[in-house]
Structures are given as structure tokens and as C-alpha cells.
């Protein structure tokens, strides 16, 4: 009986790349957190400490910066795809490359109603994401593209109920036909093909998600998520699958009756923990296989 | 020689109060983090463990919820002022009360261009703040009102230089006539009087700060802060003093010359730490005394 | 063409359970963060909003508290296993249950050298973890047990080099034969069988990991991880596989030569981001299949 | 009427300095976060953007690194004091300097029971702190030294009650004669003189605080804090004043009666927010004035 090296990968995480386009009339800004990860013939580095096949993570960082200038960052999907293809094509021991990018959004400052050409204010905590997986090189190369968002915080103050659920001996929850429903949405969608008008597509999918959350009368967060996912697939044929992960951020009605007050859904305690966590995938019945698309480095060790 | 009890205070921190106004046509939401702190004749609780003069922090929390219904939260300043006055007036051992409120902003969801009546999306990480100090009761009661904001993240991609500075034997920094200037602004302003149109005032001061950051050609962050503070006082006679605390979030130009590339201010590394920290107060020369306005509980132990 | 519900699961995350054993001579404390997640026949909740098969996440939370009393928390693995088996056995629509537990460690306070019977001090930021997956019920039920740790921060101030690596056009890194090596280790190991002396096993594996990190002369973090994993398998036949995820927390030698000083590996800048991220699995060549062991809810959406 | 520049200061925050002593038999490590802040004749930088009197924050960072080598870090108090005195003595426009240092603790790894010479494990989340204020130069220079700790998490599972408190119309809290008492202590103490055996003093004061927390039967957290502070002054004549800031981290007894279970102080919910916050100073009746000792930059803007 012996021991074997199982799955392994390495890379540079959280390189903070800011790309400024200094156009004559106004500047553009792309503000990124870039993580790269390589798989391939790196066993010697583990088994004997021989680094001859190991491109330093420092070089990966340098490449992320250099590509931001050479290749540019017109959108995060095509930037990340170019970076992943570069590692798969140019670095001999690499069999697969993964690039994850978070983008922080900025809005232009308005001065007396007009957009300022080079001053910006951060638009919020919401993050736009992409995850690119590339395997092989040349004609045999394949790519999987995920786009998404994280920390999109949504709340509806009515139009949500929760009733008719299964009860066991540990169930004490009362049914309700009117509650606050709030979440901090993580969504990722997988594209049919590695090409598209990525900025426009992201904006339209984000809008579909928000509109569905708002307008679906929710019998449970599960139902809201299904309707949101289904609506995205209905709206955009470019999307093969969407995955939604939604904490149920509980807002508890505060009992004010000891103080002679009647609380008719007006004062709530927003609790931190615990929270419900509801997750689902919605996909086309003819969606192509997902391959390594969902294998993120942050989930490697469970 | 003996030991004496010095300054002391106690309260309930970070009560998460959400107030919904269920108007017929649309809901309104006020999402708050409320901290209350009392000073007064509480020495026995320390010296002998006698709690007879101590209103439990749990009761302070209950009061925060009850006031959200009874008194309402039309704006955080008047809600917090009412709460602080209540403690000073109604709880016998209290000599001074302080209420700090953070407000998280929500925007209405738009569906097909129209505002949805009861669905909201979080507007960003920026927080609106107020800090109220009240001393005494009845006719002798005095109140100090601070309003402010935190985590307002601003960046300008040009229009900032840093040169002509003092040099010592540890100085290696190169001068620059064009750099990225970025900060996450904390600002608090002290009002002349404990009354005002708080929402409108906050919006106008926030806009003055942003416009000045954008339009002042910055010879240093110090200068930008002074111009921002001065402009607030010039615009709003209601304000006695403003304090600004601004980390200088360094964006370092990446040297791409080893790769045969010339980086003309287009690719930057956004560094986390260390950061510069620039702070100043700007005040009217006839500003009334600040009293306990700036003594926040979080700074008690230095 | 239609849309289908893909993978889906739901549960209660981050329930903070503290269990005190009030023994006559001294108290014991188990301080847990418990997350439960259920898979099964829940499609109706998504597709039509029918909750008849959905055990509320609130009931899952209640069960976590009740089991802490009824079943007890002698160790996190057997507590979590009992909880997961309960959901799989007793809740009819459940096909698979997953329970993740983090445990925060406390040490006894020492007073004049002796252990105090009921006063404790938190032992550090390191977290002990377990993840249990159970599928099926009764005789066909199967269970997979992961144990682990997170945020074990290790540093060696010499005995680490990095040289002989692959170079490409973006490589500028200098080789080094003496550097600081620091990481914040996440490790999880999969057990051969769902039974064991969990506390003793955890302690011994933790010690093996630390000793190997210390004593292996590191030609790269990859090599250190392999040696650490291999040593665990060699020491404990109960373990089928171990996965290690290790950020390389860079400590950069500060160039003090502009100040006439020679820095011989004595002063470093500890950088936050970016960081290298090295990951590998080490397993027995006859390890049983991992099944759903590594499918954590937090990685569901990539 | 005009506007004036009020209080102002600037510096470099959160420089991460790691100092290794490479002794022949074993290495020592000092792992610091250093923040420096200068006050003085810097008005021109604000008012006109003239930087001629401004030592760059980058130079302050360089000085922190250089002093770690030249001056060494035998303990954080003398390192920080040397740094503060340097700025006050050597940089002409400086009238006052403040240096705040956090130290992260490391323990030696044990291999087969013996201490390893150059491998370390982080000792916990607790942080040792110092804050030095220096004013003036040469013979007229004065210095104030604070030492302290932060994030010392303590819990006692019995020996704590809370009863006999003041009740108002918003009070619903039940009295209790046996509860869990938990806190994450921040303590800072002010020294009589700017000299001492800092490491030994810190260890002994930390131990007094912990022992008192454990052994005092607590009628309220207020009483525990007073006894802890008083005991420090009684034990160490070097200390003029101590300030304690203690969140009351609530552990709520879970009601298990709906499940037919009796919870006799064995299962608790550890809540995150809100929390009580109790703060007090204990000082000698002949303590020298505190001067600027407690004026931390982080509290500048309230």
C-alpha cells in the first residue's frame, strides 16, 4: 500500500489590478481582483521539490498586470479568457488554467448635474464576477465561461409568505402570510459559447433577476429562485445554466405588546445568524456538459 | 493612596432596527444600527455590584425598537435625538446620554422603468451616520448633533500631484505630477442647532464633498480635505464644524518595462496596507463649543 | 426545449450552539457553529411554491440545539453524524443530509497555577472542523466523515528556499535559498470509517502537520504540503485522504540599503495581497471513493 | 466670519513590520502592525497645498522598517517610544508624534516535546498593544505610554448573576442568579513613567485581569471590571490608570421545553448583535494628568 498525489493546483490569488483608459474626453476605469490557478504536470514540485515545471505565482501576477495593458480590460470575461488561454497555450506543463475575476463597480461623479471626466464614486458592495476554465491547447482547447454577481442585497417588505410546510417534533415556527424577504444573492450563469457582448449580457441578466425577485409573489425563497433562474433562461438563449445561492436574511417582527404597542409589520429586528441558505440550479434540458466550470479553488478542501 | 472610579458609561451596541412605513401606494424603509450609551450615577454598580440604578441594556434595546414605532424614523437625527432625550429625561440616574445611528441606504427596484412599491436593492456600502449627545434634563438640557457618512469611496484618475515635500534620510519617494488619488471618506459635521431638514441637509453636504473632491486640482490629500470642508461651511450656514478622516488608498503604477511595455498611467496595483491617513477639522471661527460631541464610546479605551 | 431544476439543497447556516457540561468538579465547554443542509424531494417548493415536503430551516436550527442536550456534544464528529443521520432517517423527503460544524477552542483559565473550574479563555483563531455527508436511510445508509482545521497560522523563519523554477517572458522573480515561509493552513482529512476516537485523532493529526511543516527543509510550499499529507497517512491508518489548501503569505525582505543598512533577513514586510495559493490531495492508493464528501454548500455556485 | 483649520494630523497606518532575530541557537520573532501620526506646523499643506513641511507618510513607513533593524524590537513599547521621539526630535515641523503598535503573538512549534528553533504557530487572536504620545523635543520633551491588549476573549459558565436592576416601562428582562458571562476584552493601562520591563509587566497585568475575571463572583460586568482594574493597580505600582471596554457577549439559554426537554444551563445560543458595552476607568487618586495619551487617530472624527 502506498500514498499518491491526488488533485493539485496552484496559482496567485487576489491580485488587485486597476486599469485606467485615459481617453481624451473622459477616463474609464476597470477595478479588478484577479486570481489565477494552474493544473498540469507539477507532481515533481510536490514529490521531490523540483520546481523546473513550476511557473512562479509571481509571474502569474506579472502576467495579469501586463495583460491589463497589452490585451486591455474591455470587459472581465474576455480579459480573463485571454489570460487563461495564455497560460494553457504558452506554459508547457499546464493542462488546465482557471481565472477568477471580481470587478468592483464605479460610477462617475456628477458635478452640477454633469458627469465629471475623471472622478468616480464606488457604486456599492455588489461585485460582478467571472470564472473561466480552459483545458488543452490549440485546436483541442476548450473553454467554459461563468459570469455572475455576488452581494446583490435585495429586500421586499411584503409579497412573501411561508406556510403549509412539513412539521416534525422540533417544529415551532408559526406560519405567516406576510413577511419581509431579504437576501444577499450570489448568482452565476454558464454560457453556451465562449463569446458574447459580456457587459450588455450582464446588465440584462442582473435586471431580470431583480425584476423577478420584486414581482413574483413568493410562497418561499425556493420559488422565487426558480422563477428568477427560469426567467433568465427565457430571456437569454446564450445561457445554458444558472445557479443561485441565497441566504434568507431573517427579519423578525419585534413583539412590542409588553409596551402596549401593536406592531403591524412595521418594526423588525434584522438578525445576523443563523440564516437559511437556499440553493438551486436551473438549466436547459439540452445544456452542454459543465465540465470543470464549477470547480473553484476556494472549494478544493471542502 | 487609593483607587477611584474614573469615567464610565454603558449601553447597548448595534441593535439592528428596520422600520417599514406601509403607505398605501408604496412602502418606505429605514434600516438602522442603533447604539445607546448612558452616563450618570452608576458608581454603585461598579463598586459594590448594586444594580438599583442601572437600566438594563436590554431595556435600552427595547426602547430603540419601541421608539421606531411610537416616535417613528422620519430621519435618523430626529429619531436618535428623541431617544437620547428620553433616556436623559426619564431615567433618573442618567446625567448624559449618547445615541449613535448608522443608516444603510436602499434604492427602489425598477421594473420596466417604474419604481416598484415594495422591493428594494441595497444602495452601496456607504453608511449615513449620526451621533447625538444630550446632557441634563428639562430646561437645562443641552444637545449636540453630529451628522456624517462613512465608507464613501472616491477616486480620481488624474488631477492629483504630490511634490515639493520635506525630505529626511529615510525619504525615497519620487515626486509626481500625476497620480491616482483614492480614499474611503469618513466625514462628520457638527450642527449649530439641534433642528433642521436632516435628509435634505445630508444630501446637499454629501454632494458638496464629492464635487470638491472631483474638481479641486489636488496638490495633496490635505489640500483636498481643506477645500472640501471649507466648501461645506460656505454652502451651509447650519454647520459649525466638519471633521474629515481620509485614508490615502495607494494605487501604485506597475513597472511593466521588464516586459517591453510602457505604462503611461494605465495599469495600477491597488494596495491594501499600509495607507496614509490624513485628518483635519474645518470650523467657523465663531463655532460654539463642541462639548461632548466627539466623545464616542468606541474611542473610550484609546 | 425546456428548463429543468438542477441540483438543489437548503438548510440553516451558522447556528451558534454552546454546550456546557456542568460536572461537579469542573465545567466543560463545546462552542460550535453548526450548518445543516438537506437534499431530497423538494422540487415542488421550487416549481409551485408548495412547502408540504419542506422541513423549515427553523426546525433544523431547533434540532441542532435539542441534540446538543439530548445527544450531547462529546466531540463534533459524533454530534454532527447523529444530526445528519437524524435528518436522513426521520424526515421523509430527505435523501441526503450534510452537517458542517466549526468548533472554537477554549482553554481553562489558570489561577495561581491551577485550572479554574468554570472560567475559560479563547485559545486562538484556529478552528476545528467537521463535515458529515449521509445518504439513504436504515440499512442502506452511508456516511462520509471529514475532519479538519482552518486558520492554523504557521511560519518558519528559515529552512525554506525557492529556486530552479520555470521562467517565461513575465518572470522577474529572483531565486532565493533562504526565505520566510508562512501560511494559514486549511486541512481536511477523510476517514476510512465513520467511527473513531475523534478528539485524540484530531490532536495527533494536527501535531503531525505542524511537526512536518517545521522540520521539512522546504524547497517549495508544494513539497512541504506533500510531506505533511504523507506523514499524516503514515501515522494514522484511519485516514483515507487528506487535502491541504495553503496560502503563501509573502514576507518580503525590505530593502534598507538607501539608508546605509544591510538587511540580512531580519526585517520583512508582511504583505496582505496577492498571495500564492497551493493546494493538493494526498491519498492512499486503495482509498475508498469520496462520494459526496467534498461537496460543500459554500461552493455550490462556484 | 471666516473658516479656520482646526485639529489636524497625518501619518502612515498599518505598516506590517516583521522583525526576526537570528540567534545562533534559535530565532525570535516580533510581528507588528505600526501606525504613526504627526502633529505640528502643517497648515500650509492644507491651506495652499504647499508640502514643504510635510514629511511623506512613505518616509514614516521607511523609518518604521529602518528602526526595526537599527533600534531593534526588543519590546513594542521601547520600539514605539524610540520611533515617536525620533519624529519629534528630528523632523523640524513636528510638535507631537503618536505611534500605535499592535503585536501578534507567536508560540514556538514543539517537535517531539522540544521547542523548534525557527518554526512558529500563531498564538491566538489576542493582540498586544501600545500607544505612545510624545510632545516637544530635547529637555522639554514629554512622553505618555499606554500598554494594553485587545480581543482577549473570556467566558465563565457560572458565577455570574444580574438582578435588582432599575426597571422602566420598557423593561422585560428577567432577573437571573446564574448566567454565562462572556466578553472580548479591550484594556489599556497608562504608565507612571516612560520606562519599565515592558514584557514582564504586560504578562503580569494580563494574568491579573484574567484571574480577577475568573474568581470574582460577578453581580454585573460592571463590578467585574472594577475589580479587575483595581487589582491591576494594587499589583503594579507602575500603573497610573487602566481603562476597560468590555462587550457583554450574550449567551441566551435556549428554550427546549417545546421538545419535552429541560435546559438546566446546558445549551445556549451565542448571539452576535446587539451586545452590551460596559466601559470604565480605574485610576490612582494621585495619578498624573493623562495629557494626549488617549487621543487615538481612529477616534478623530467621532
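Going by the order they are written in, the chains are A, B, C and D; count residues from 1 in each one.
To be clear about the criterion, contacts are C-beta pairs under 8 Å (C-beta built on N, C-alpha and C of every residue); 3 or more make two chains touch, one makes a residue touch a chain.
Given the structure is predicted, the values throughout are model-derived calculations rather than measurements.
When chain centres are defined as mean Cα coordinates, C lies farthest from subunit B. The chain pair B-D and the chain pair B-C differ in C-beta contact count, and the higher one is B-D.
If you average the CA atoms of subunit B and of subunit C, the two centres end up 38 Å from each other.
Between the Cα centres of subunit C and subunit D there is a gap of 31 Å. Between subunit B and subunit D the centroid-to-centroid distance comes to 23 Å (mean Cα coordinates, whole Å).
Residue positions 15-16, 62, 66, 170, 172, 258-259, 272-273 of subunit A are each in touch with at least two other chains. Taken together, the subunit C residues at the contact with subunit B in this complex read 169-170, 172, 258-259, 272-273. Subunit D meets subunit B in the complex at residues 1-16, 35, 37, 42, 45-59, 61-63, 66, 90-93, 131, 146, 148, 162-168, 170-173, 186-188, 218-220, 222-223, 225-226, 229-230, 233-234, 241, 243-245, 247-248, 273-286, 293-302. Interface of subunit D with subunit C (complex): residues 15-22, 27, 29, 31, 62, 65-66, 68-70, 106, 109, 111-112, 116, 118-126, 152-159, 180, 210-211, 213-215, 251, 254, 256, 258-259, 261, 263-272.
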